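This structure is in structure tokens; I'll ask about it shortly.
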Amino acid sequence: MNSFGTLFRLTSYGESHGAAIGGVIDGMPAGIEVDMDFIQSELARRKPGQSALTTARKEEDEVELLSGIFEGKTTGMPIGFLVRNTNQHSQDYENMRNVFRPSHADFTYEQKYGIRDYRGGGRSSARETISRVVAGAFAKLALRGLDINIKAYTQQVGDIILPGTYLDYDLDVAEQNAVRCPDETVAAKMAQLIMKVKEEGDTIGGVIACVIKGCPVGLGEPIYDKLQAKLGASMLSINAVKGFEYGLGFAGWHHNQNKQ
Amino acid sequence: MNSFGTLFRLTSYGESHGAAIGGVIDGMPAGIEVDMDFIQSELARRKPGQSALTTARKEEDEVELLSGIFEGKTTGMPIGFLVRNTNQHSQDYENMRNVFRPSHADFTYEQKYGIRDYRGGGRSSARETISRVVAGAFAKLALRGLDINIKAYTQQVGDIILPGTYLDYDLDVAEQNAVRCPDETVAAKMAQLIMKVKEEGDTIGGVIACVIKGCPVGLGEPIYDKLQAKLGASMLSINAVKGFEYGLGFAGWHHNQNKQ
Amino acid sequence: MNSFGTLFRLTSYGESHGAAIGGVIDGMPAGIEVDMDFIQSELARRKPGQSALTTARKEEDEVELLSGIFEGKTTGMPIGFLVRNTNQHSQDYENMRNVFRPSHADFTYEQKYGIRDYRGGGRSSARETISRVVAGAFAKLALRGLDINIKAYTQQVGDIILPGTYLDYDLDVAEQNAVRCPDETVAAKMAQLIMKVKEEGDTIGGVIACVIKGCPVGLGEPIYDKLQAKLGASMLSINAVKGFEYGLGFAGWHHNQNKQ
Amino acid sequence: MNSFGTLFRLTSYGESHGAAIGGVIDGMPAGIEVDMDFIQSELARRKPGQSALTTARKEEDEVELLSGIFEGKTTGMPIGFLVRNTNQHSQDYENMRNVFRPSHADFTYEQKYGIRDYRGGGRSSARETISRVVAGAFAKLALRGLDINIKAYTQQVGDIILPGTYLDYDLDVAEQNAVRCPDETVAAKMAQLIMKVKEEGDTIGGVIACVIKGCPVGLGEPIYDKLQAKLGASMLSINAVKGFEYGLGFAGWHHNQNKQ
């Protein structure tokens, strides 16, 4: 099903070339001021086409909030929202009607449902993350003032690895360049590599790191819905994510080795 | 939370005087033809102001489907929909800001959330049933051709009771009068009583009966989510519903008595 | 599925003539003293065979608590429990192998699962309510000291109706007779009727009333999981329950009439 | 909460030094033969103390099935089960009453619940996996005959890495040595390293690989509950697991590089 979360839950809908991407945020606490500039700025951060590095499509993503807000504050009622798709040149995708792109969900959808919206990936398009960004923005509004701090940045692109750990950098620097790396010199090298690969008609993978400060002790359920299990599931549900580590991650074996 | 159903699930949002009433239908089977005329006609049936008998407000309810449909058929993806509110004279409700209407949810919302959208009941308005009607229309489309038949009608208004059982009537007749009673003579008496009570500035209760034919054996879960438990919960979640019976209902004790 | 509840959840298992009836209580608050005498007394109240009026089978139901308790207090971890079945004369039920009892779940289980434990109703036996009673006892322990008061009593048996409302009786009196009616004279008449019907080889229905005092304002969800919807679903999931009313219930139409 | 899965769901309970570890399996298909030898052999595989390499505690884990089975076959009803704890020397753990072990859940439980069963980790003990093994054994019984094949093996212990991929080995060999590595020579080296580290009073990490063959196309939900998200969450919910990869995993960036 298309829902995520328990007490704070996003239910989303929408295809890349349908009328809109949208959803319902349920469980938003009441009485929170709705900072539209912040929500819109989060959407702007997600938008491809901000630089030459990513998908060139220009997307104007303006969110419309349809419910759950009264006199500028949340009411505790579900927040319906949508972002209209303005860039729907379906004809561009006509050639995808009979072709399954490798490593995409095309074949799987066709097999599972017997029908698929082949325009730009349909539901499996990365445009679906718009719903996550809107819900995430509301979540951040709900967390404001709680001294919980969440920051993500690019740690690796191809074989270019940011040295050291998050402790060695001012993570806010990451917001100032197109690859979102907190070191401008490494960021430039990453950008260069992406451009080189792009010229060759290819793409390249990487690693994103995220640091959460001020997380309350005991968050998550003790056994099956451990915090790391929920975080892992949410990350692995994003298109193209192939792995998840927390804490020392796979380097754990090494750590123990060192002690000897 | 604002979700209902397991395999076929409606998540809804919207206040009577906000921008829109809408929702997400999840679990709709793929490949079903979307009959817009039918969906719109179901919404028309719900609309108050069809006669002098119910709320006089005129509502033009046009549903916009935002996703989950491709070339006229469902794709198995979630169906986002919304119905814009066109009749939002909020000033009419200004006097409700400081008044809690008896037997309404006003006081409860204020206590639970510390804030409420007081315009016309906000989220607790009967306009919320628009979302149920849209999801119900899709459910009926999914059931088409399965020979499952669901018909509801008015069985009692005040002390005017339709005699006999559903077997004694052509239930389609119910669609031809404003009170939805399958006997035109009884329907006329019911209408008369409603008008009389209305003139006295009051409203009056009644009983709705529903007949489901062709229901598959074994539908529902064996213990806690029995079919009758789910049906009961769904009916009792509608504003102003105060009781639910199935089969013989409360007359069950009588039935046994008779056998003696 | 065999789970009930959201924040406080019972998952149960067991057939009347299998090894045991049991379950898991999840969401029990930590630090609550476990009053075994109380839990066992609740089980004793459920037990048939306490008088000549109900099923004559004698059942010794002793609950074993398997987890979630440390040094006499709950730990917040799931509480596994079971009650062994000691009265399993399966041969008594051999004749049910090829017979479907009317108004029982026998036929439905056979159709749905292609197999059924025909001994004494198997999973659909009223012995399943043992799990509910154990979970209910823990719920009552969790509510202790919160000044929430829950009392149920028999209001009607056949055509013998307890006159007036709950305000007219000391509900504790109901615990002192076998039919659980708070008026000893009416209770005697009810008992007499039950015995008469029993002699005729029949059973008879009735109505149970329940009064909850001190219920917090705003309990339940605003729309689909309204308090009355959850209460209705839980009652309608009990074997043989055919109807549910809250507040004025079906008498609601009458009430309005009276005002005229 | 202590449940895992949707259509096939395990709800579990139990502490390492309480009366029992157990659970309820819900959603087990009806009519499946219950192969007790297989279920018990799966429990035997889990058991520590099979070799000198792991925890030396000897555990005799015999499962008792309490419901959901009739004449040797599943009935579709929930299967209650339990494994008694026979090795409860609580006094051995008395010193843990006032000490929080590093990298264990001791401190977190104390903070979250204000109380904890400190004997051997209580609920957070790896003995909890007994419930998973029993449910997993039933899942395997349900999958029998569907030509779905699931095999796991040890790929790395410390810096000793099994070379190549799963295609290079007969994975059944893994069942023949204590470290569960499909190459006997590498297995011997891994065992040696574990023993060396153990002598130093330490433990060491590693990597487990799992190969699923015959998985149906389209398994999992399209967006949030993708197959990899559910697999990742289930693995990350096991004690001490710090990372999860599927497909190429973190090597993905490298793969693209190579193409250049």
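Per-chain numbering from 1; labels A, B, C and D assigned in written order.
Keep in mind that, in the parts below, a residue touches a chain if its C-beta (ideal position, glycine included) is under 8 Å from a C-beta of that chain, and two chains touch if they have at least 3 such contacts.
Computed from a prediction, not measured in an experiment: that's the story for all the values here.
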### Message
Based on mean C-alpha positions, I'd like to know which chain lies farthest from chain D.
### Response
B
#### Entry: Copies chain B and chain C touch via same or different residues, half shared test
same
### Query
From the C-alpha centre of chain B to that of chain C, how far is it in Å?
30
### Query
If you average the CA atoms of chain B and of chain D, how far apart do the two points sit, in angstrom?
47
#### Entry: Residues of chain C engaged with two or more neighbouring chains
1-3, 12, 77, 112-113, 123, 222
### Query
Within the complex, which stretch of chain B touches chain A?
1-3, 9, 11-15, 18-24, 26-27, 30-31, 64-70, 73, 75-80, 82, 109, 112-117, 122-123
#### Entry: Contacting residues of chain D [partner chain A, same complex]
1-4, 12, 105, 107-109, 111-113, 123-124, 128, 156-159, 197, 200, 202-207, 217-218, 221-226, 228-230, 232-234, 236-237, 242-250, 252-257, 259-260
